[in-house]
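Have a look at this one before I ask anything.
Should a chain be cited, it is by its letter among A, B and C, assigned in written order, with residues numbered from 1 in that chain.
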Amino acid sequence: MFCFGGGKIIVTWEILNIIGTLAFVISGALVAIEEKYDILGVYVLGFITAFGGGLIRNLLIDIPIRTIWEQDFLFGIAFLVITVVLIIPSKWILQWQKWIVFFDAIGLGAFAIQGANFAVSIKAPFIAIVIASTMTGAGGGMLRDVFAGRKPMIFHSDIYALWAALAGMAIGLNIVNGPYMTFFLLMLIVICRMLSVYYAWNLPQGIKWNDQQSMNNKRDA
Amino acid sequence: MFCFGGGKIIVTWEILNIIGTLAFVISGALVAIEEKYDILGVYVLGFITAFGGGLIRNLLIDIPIRTIWEQDFLFGIAFLVITVVLIIPSKWILQWQKWIVFFDAIGLGAFAIQGANFAVSIKAPFIAIVIASTMTGAGGGMLRDVFAGRKPMIFHSDIYALWAALAGMAIGLNIVNGPYMTFFLLMLIVICRMLSVYYAWNLPQGIKWNDQQSMNNKRDA
Amino acid sequence: MFCFGGGKIIVTWEILNIIGTLAFVISGALVAIEEKYDILGVYVLGFITAFGGGLIRNLLIDIPIRTIWEQDFLFGIAFLVITVVLIIPSKWILQWQKWIVFFDAIGLGAFAIQGANFAVSIKAPFIAIVIASTMTGAGGGMLRDVFAGRKPMIFHSDIYALWAALAGMAIGLNIVNGPYMTFFLLMLIVICRMLSVYYAWNLPQGIKWNDQQSMNNKRDA
């Protein structure tokens, strides 16, 4: 799907894509387990998180959905990974949590860049590029949370989708182009994401309705 | 996308479409603020409400999604509007609430009519026309509520989607056609919507399970 | 959409498809009533459950959405069925509940087989076939629950989607092919589904976090 010039880069990109997908699979499976879903639910939510992200991406940027089903190999690995998550002691998962966050950051970056590059290729306006990168990077996680009956995590805690949005801006403003700078951007996203987890950065909330009562009053009136 | 004959009408229609989209943006941003989402969440939910409505419309009526991304100008204004919503004192928003409801009614009508007209153009059956107008008119609000972790408002309070459905019926039964009657229909939707807000009209609920206990008993049995 | 050779089989298949759709309509309407949605909400959720399942199927397997709107006749019946559900005494619905579950099982099976067959026809890999059958069979119910503000039932209780998944496996492994075996598979799904309701079978949950506290502790730390 991507042609960045050098064959080496393409291969690397494929690998990053796989790493990201698998991280999304794991995050979906873990959320399902936390919600006490049954075994099938764990598989389904794992797949929804990973391939739902791709589905939203394909939908938003008009790629036929069948390209998702053709990722032969990836479905197999995803299945295996979920099985492993179900089998291994939960203690191990706790120990690996940092790695999961790391892989997930790679997925965030890889998907965001894909979304932004496509939006550029169809000459979408700047803000559309930013939205495309945000939704393709963070869309899988949004679906995961909705299907787990949660408010999407990306809306209220941690700085997650912002890095995808900033990546979109960098590409949209043509600050980043070509295979090497794109790769550098990916690394930057991963680093920023890891820092925001490590230091528990949060974005400020919207306006505080310290006069919310008056709003409710008005409604009752 | 619409060709109603006179150039004047096309321009007017474009403007109504913009007004509606911006009202959806504001309603999404306000819901996000109420849910204590962070700043990025406010932007994302604002965009989802506005362009998610269009996304559902395009999906349901097989228009390529890329037409959404090409609304150059609209994304820019939407971004500005959300920024304004975040900055201005909440007191002002309360004072403007009636205007927001009014603009939102325009969006409801404009989107509903678009959906119905398209369904007619592909010779969809009557009920499909009604559904298309309902879902395109009220789809953005449904997405907004789902991503805010709420039960969609259109399902349980106020009369909202019904006006979109009735518009679809009027178009489906060919009571309304041509640019001038369509415009009149739009005004009618807006008026009905405003009245239903002003007088707090509600539709009756479904069957009351006054024998719900027996249902639960049966389940336990 | 399906060409199984004999004209008789095609007709039968159409009928099964209709039965399934109507069962989905009823299940959506009943959930809406349970959630105290208003009358319009009952119609909308009924339609979402029935045609949303078809929508997800069409999306996932790249069939144009307009094929849904062309189901002329089905929309009319669905509308009637919801009206009947709203009108008749709730006592009757309780008495018919077993039939609803039975019809729903037919829908599950018919949709799952459609999804799997399509995935085979585009030479999707094995696991994609299984996912396609699962999501097309159980997708409508997932949408229903999300729009009712519930955690999707298929994730946590009863054995439902598993039968769709197993049907996908049987087709993906080429154990089942041709019209007669496909029909037999459908009957098998229906029987298994009915048994799992009758005996209240449940799948085991994911890993029990008996050390969940330690997870939370770690998060707080």
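The definition used in the following text is that a residue touches a chain if its C-beta (ideal position, glycine included) is under 8 Å from a C-beta of that chain, and two chains touch if they have at least 3 such contacts.
Note that this is a predicted model, so its numbers are computed, not measured.
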item	value
Topology of the chain contact graph, where touching chains are joined (line, ring, star, complete, other)	complete
Copies chain A and chain C touch via same or different residues, half shared test	different
Between chain A and its twin chain B, rotation from the CA superposition, multiple of 5 degrees	120
For chain A paired with chain C, centre-to-centre distance based on mean C-alpha positions, whole Å	28
Residues within chain A bordering two or more other chains	59, 146, 149
Chain C-facing residues of chain A, complex	29, 32-42, 44-45, 47, 51, 55, 59, 64-66, 68-73, 75-76, 78-79, 85-86, 90-91, 94, 97, 146-149
Complex contacts: residues of chain B adjacent to chain C	59-62, 119, 122, 124-128, 131-132, 134, 142, 146, 149-152, 154-157, 159, 161-162, 165, 202-207, 209-211, 214-215, 218
